[in-house]
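You will see chain A twice below: alongside chain B first, and alongside chain C after that.
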Partner chain A sequence: MNYCKARSLSDFFQKASEAKGLIRPLAGGADIMYRLKKRYLLSDKLTLIDINGLDELKGIAERGNELEIGSAATLSALEEFLKDRDEYSLLRTALRETACPQIRSQGTLGGHVAGCLPNSHLFPVLMLHGAEAEILESAEEKSIPVEDLFRGPYHNRLKSGELVMSLTIPRKDFQWEYYWGEGSRKQFSLPPFVLAMAIDGEGNRFIAGGGPNVLPTHFRVLESAPSRFGGSRTTLLNLVKEEVSAQEKRKNRLTDYQKTLLFRFTCEMAEMEARL
Partner chain B sequence: MESFSVVHQSKRRLEGEAKVLGKTRYADDFRLHREVAALPLYPAHPRAVILGIDCKEAESEPGVLGIITAKDVPGSNSLFGRFPVLADGEVRYTGDAVAVLAAETEEIARRALGKIRVDYKILPGVYSLEDAQACEISPVHPDRPDNTMENTFYPQYAGDVEEGLKRADIVLESEYNTSFAVNGYLEPDCVVAGEDSITGGIVIYGCIQNVYSIRGSVCAALGWPANKVRVVQTAIGGSFGGKNETAMVLAARAAVLHRKIGRPVRMRMSRSDVFRAGVKRHPYRFRLTVGCSKDGRITAWKNQVDTIGGPYNNQAMFANWRLAVHSAGPYRTPNVRTEVQAYYSNTPYSGAYRGFSAPQNSFAVESCIDELADAARMDPAEFRRINFVRPGDVITSGQAVGPGEMVLPLEAMLDDVLERGQYVRKKAEFEDFNARKGRYRRGLGLAAGYRGCGLGGEGFDVAGARMILEKDGSILVHSDMVDMGQGLRTSHAQVAAEALGVGLERIRMAETDTSCVPDAGPTVASRGLSAGGMAILMASEDLKRQLLEGLENHWKIPGGTAVLNGEVFRSADGSLSMGFDEAVSLLTNSKGLGFSGRGWFNPGTVHIDPKTGQGNCYPAYLSALSLTELEVDTFTGSITVSKVTLAYELGRAVNPDIVRGQLIGGYVQGLGYALSEDLRTSEGLVKNTSFGSYLMPSVSDVPEFDLRIFEEDFSTGPYGAKGIGEVGVELAAPGVGNALFHAAGIRMRRLPFSKDLVATRMLLMEKEGADELL
Partner chain C sequence: MTEKIPVRLKVNGRYYDAAISADASLSRVLRDELGLMGTKEGCGTGYCGSCTVLIDGSAMKSCLVPAVTVGDREVVTIEGMSSPEHPLHPVQQAFVDAGAIQCGYCTPGFVMSVYALLRMNPKPTDEEIKRGLSGNICRCTGYETILSAVRLASERLSSVRE
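Presenting the complex of A and B:
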């Protein structure tokens, strides 16, 4: 394994262009070091380019109706930034459920999304918000929906030498929101399913979920305008069933437990809709 | 109550400071000179014929020092329970090592291991109890065509069960199933085999629960006598019954390899290997038919219990016997018919795990008692009260309940738990809360139990100890019993100090070493203190007697008149006295005497009729009672146990803090068994092989505990102590199951109560149309 430290963004791309084999940016290392230790990532032809010193990737700022977060910002820094920002409360809740304080203080948002963790607490929430990832390769910059990063569990669609620069998260004024994602014990266990649901001020409904058996790890169950939803629980459940069926055709076989949770919380959503 | 100087007090753990400061050296924390690493080659298939093994390429790798296969085992390749040192001809589960390779480093060994070529012919396997009983697949061992394990059938017959069922107003048939579970010790197994430079034999160091059985396996594998093999226990980072068979084969392999290459050999298991090849709790299936009268009196208890034990018969014969004795719980049950049987399978092997068949049995019995109470429309507490055995009754094995050993004060404990747990008030409150049909529901669950102390009819409950008085007045104690983290050494030292009449600081507990104390059996069945402590008490009394005799001779007073208390020797009339240090110096330095005490405890033989299971099965029984409170999220199936009120009768608490730690720690371990620990196997393969996927409770899962210890006189334990190491595990699963039924109205008859099962059951029960989605 080769290791080198990038002194600037241009230095990163220079080193990336010179390196042979697999290239991985190293920020917090929470995911990469674990995968190396477990041999899920083989070190033989790997080059780690350390981006820890690049302050331009660590910023967190609110610009208008968007939150912009540098990819090397730690999860705990983001958690602190969102402490009093209730408009991102769903994201805040998901952050608090992620791993433990020690890992959040080390792990970065960029590493989290590029790592494509199948049990990610954050992804369904990012999808609900319509988050986008800014990706840079040498001088070329592009922006893609965050879910398009996924190829499968632990596999992203980034090309060698591409770097996630930042994430942009639009603010949504959810009228109702719900998040679930907990393991089978109170700490240190990965959830079997992560589910985020919301209804915005215009009556649009969003459901996103993900889990280890779902490819490409996360999916949008429902993004339904009021016109598709007559307000009855049965209609909403039917929409969810249709979507589950469509997912299964794409070989995303949900477990009974995942379906149970979807069904339960969709019922809850419908009841909440009736009250709103 | 009798007053004590050292026992019955919460003395600090002798090894506590070293552990807290990280100074304790475990088996993998030291290295022997010129030591090498060795790794086993496990098969990818749970059942296959070995057609050939080609080690040539691996042997030629730089740094590889030697490889052994079954043909290299000089002695017996069939250890206790048929366990092979190395698979010979056939692999019967994924922990059956085919070869072991030694190399200069573990890294080299790992690389070279991949170059051993093994040709297999894969066979269909016996992967479940149903497979084993159906006999449609070729049997695991050809000499057992029905797959039954030899010596594992145990009955418990009393009265006439069919007549009892006829007389019953309510008859309930129920099936309960329990799962494989992993002991979950933090320190993976590790042994080192090297040359004993003095005897020319072998010395084995390791985290080993039962040093004598490991010595026996090494002797068998090498074909050597016991005096050429020495086993020394290092500090152990948990065992819970698990570091026995795994350590047995590990030590035998290391010893054979050491003899072949002539250098010390270290074998340590990875966590995933512990999951794949290590011991598991027996997964029992209980088929119960029970009856009671309208007023709730149990009239009949019929119980067919079966389990698979893996391919080797190492512990089922003992676990099944214990289960049969306890199979009807601590209840007055005049008509009982229990039959327990184990079967061979090509699954991971089942063996000893804290509780040893009792947690499984307790889950079935106490769930069934609650179901009976519900069928009789009675409060579960009152149903238990009218059925508990009382003085004058007999338990199902025919042993009479009475003061002392068989006190079983369950009624008093029930009253105490109901009062402390505010049962009546909370039950009404919770039922009112649940009637609102909200997302969360709350429940209370009772569970009761009793537990035979020590081995009882499982074997000889003997124990040995030796102690040496040094010239400076310090005392070195050798015990055959092993401290695995349960605090046994501290409790033993307290017993020694109390019996001798000296301060605790004079006592040093030596590491357990087979060369110091005769083979007195294993440290199992919660007998470390009850039997091991008795041996120490006897050794202490022997040493004290010698000292008193020495001083009586010096003082020229009649024998048997001097006493030793508070480190002062006194004559009977008080006219003569001498401090402990002065007396020891006088007797050793001035008179040239030497002192060592010896204790050998043998409680006598237990008499049981093997055809009926009737007899005095255990010397004494503990009693246990719990009230569990929980909240269940009916949407997600998440169960939060909020409070547990516990009562235990355990003879005497030699060290109350250690006792509390054992009982509460045991209960938390039982919570994992009840809620989250789900070892998944598929066609003989273990699917979850780490603590990331096999979920044990963490600190934040620990509920509030309110524990009360009941103490009663008990003549055959040291200062009245019974064994408490395992009983804590037993009540968690039934307590949670019964509370879940109270909270949500669902009866879970299979362990663990995982979130997905609870959530799905709740959804199907409460939401119309849910079955279409699922």
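Presenting the complex of A and C:
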């Protein structure tokens, strides 16, 4: 394994272009250490480029109706920033549920998202907000929806040498929101399933979910017009079925167990919504 | 073979020079290279919390911290909690007085987490204590005595501050 420290962003890209084999930016390092120890990540031909010294990746700021978070900002720094910002309360709830205080102090948002953690509490909420990841490759910058980063558990769609610079999270004035980390085993802090649901001021419904055991990937069910939804459980179920078949067409085959759990949780969400 | 990287670590106010590999965890370096055996390594994969130390004042699980990344930072281990005048920190004393220790393997990690929790939130509710300690596991006590110890430490530290 090779290790080097980036002195600046251009230095990072320089080192990334010179490195051979697998390149991983190293910020908090919790996920990389875990995967090395479990041998999910093999140290041969791995180059870690330490980005801890790059302060430009650590900022958190609210610009207009968006939150901009540097990829090396820690989850606890974000939690602290959102302490009194109720417009991001769903994100705040998900952050509080994420892992444990020690991991939140170490883990970064960029690592969480680019690491494509299958047990992420945050992915569904980021998807509801329509969060985008700013990605830089040498001088080229692009922005993609966070769910498009997710290729599968621990696998992202980034090309070698690309770096997630920041995340932009648009503010959504949700009129109603619900977050559920189903069956969270506190001592391990791993939720088998996370579902986030919200209704905005125009009546649009948003649902997103994911989890390591229930679904092999994260998914965004829909952004539907109220007329399409109608608040009815059957309509909601049909829409979820549509999403499942769309996933299957994309070769993300779900097991019967996964589908059953997904439908069960969706029904419970719909019933809750109908009581509003 | 992974190359060794020279790193200067600041642990409990003292500087140590070490040559470590990039995949070495802080817990292994503390124990194997620096001889600070107070930090325990239980699972080694971030679940149990027995390896918790403070890095720049925040509690972190040292088994998941790459040691090469803490060169410019301040590390405090359980050994750094006591002083010649106070052999036990008030948090440690509260654990003893509340009987919150059985086998004791998880205790250093709990003490560091409680210290970090009470620094941020000097008078936590029971719910906040449970959340604050959600990253630490004890397989002996059943947690009730640990909760009592945190309440006791909170009271004692608050009275010292007042």
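Keep in mind that, in the parts below, the second predicted complex is superposed on the first by the 225 of 276 C-alpha atoms of A that agree within 3 Å, B and C clash if a C-alpha of one lies under 4 Å from a C-alpha of the other, contacts with A are read in each partner's own complex, and residues count from 1 in each chain.
As a working rule, a residue touches a chain if its C-beta (ideal position, glycine included) is under 8 Å from a C-beta of that chain, and two chains touch if they have at least 3 such contacts.
Please read these numbers as outputs of a predicted model, since none were measured by experiment.
K.L.:
Give one of first, second, both or neither to describe whether A:76 is in contact with chain B, with chain C, with both, or with none.
P.N.:
A:76: touches chain C, not chain B.
K.L.:
Quick one: classify A:52 as touching chain B (first), chain C (second), both or neither.
P.N.:
second
K.L.:
Check the residue A:106 against both partner chains and state whether it touches chain B (first), chain C (second), both, or neither.
P.N.:
A:106 sits against chain C, while chain B stays out of touch.
K.L.:
Please indicate which partner A:89 is in contact with in the superposed arrangement: first for chain B, second for chain C, both, or neither.
P.N.:
neither
K.L.:
Once chain A of both complexes is superposed, is A:36 in touch with chain B (first), chain C (second), both, or neither?
P.N.:
After superposing on A, A:36 lies in contact with chain C but is clear of chain B.
K.L.:
In the superposed arrangement, which partner chain does A:1 touch: chain B (first), chain C (second), both, or neither?
P.N.:
It touches chain C, and chain B stays clear.
K.L.:
Considering only the touch criterion stated at the top, classify A:180 as touching first (chain B), second (chain C), both, or neither.
P.N.:
Only chain B; A:180 stays clear of chain C.
K.L.:
Under the contact rule defined above, give the chain A residues that sit at the interface with chain B and also at the interface with chain C.
P.N.:
Residues common to the chain A contacts of chain C and of chain B are 186-189, listed in rising order.
K.L.:
Going by the contact rule at the top, pick out the chain B residues touching chain A in the complex.
P.N.:
So the residues of chain B in touch with chain A come to 635-638, 675-676, 692, 695-701, 754-756, 759-760, 763, 767, 769-770, 772-774.
K.L.:
Can you check the complex and tell me which residues of chain A touch chain C?
P.N.:
Chain A residues touching chain C: 1-3, 26, 29-30, 32-34, 36-38, 43, 48, 50, 52, 76, 96, 99-103, 105-106, 186-189.
K.L.:
Hey, which residues of chain A end up touching chain B in the complex?
P.N.:
180, 182-190, 192, 234, 237, 240-241, 244, 255-257, 259-265, 267-268
K.L.:
Touching residues of chain C toward chain A in the complex: what are they?
P.N.:
2-3, 5, 21-23, 25, 44-47, 49, 52, 55, 58-61, 63-66, 68-69, 113, 116-117, 131-132, 134-137
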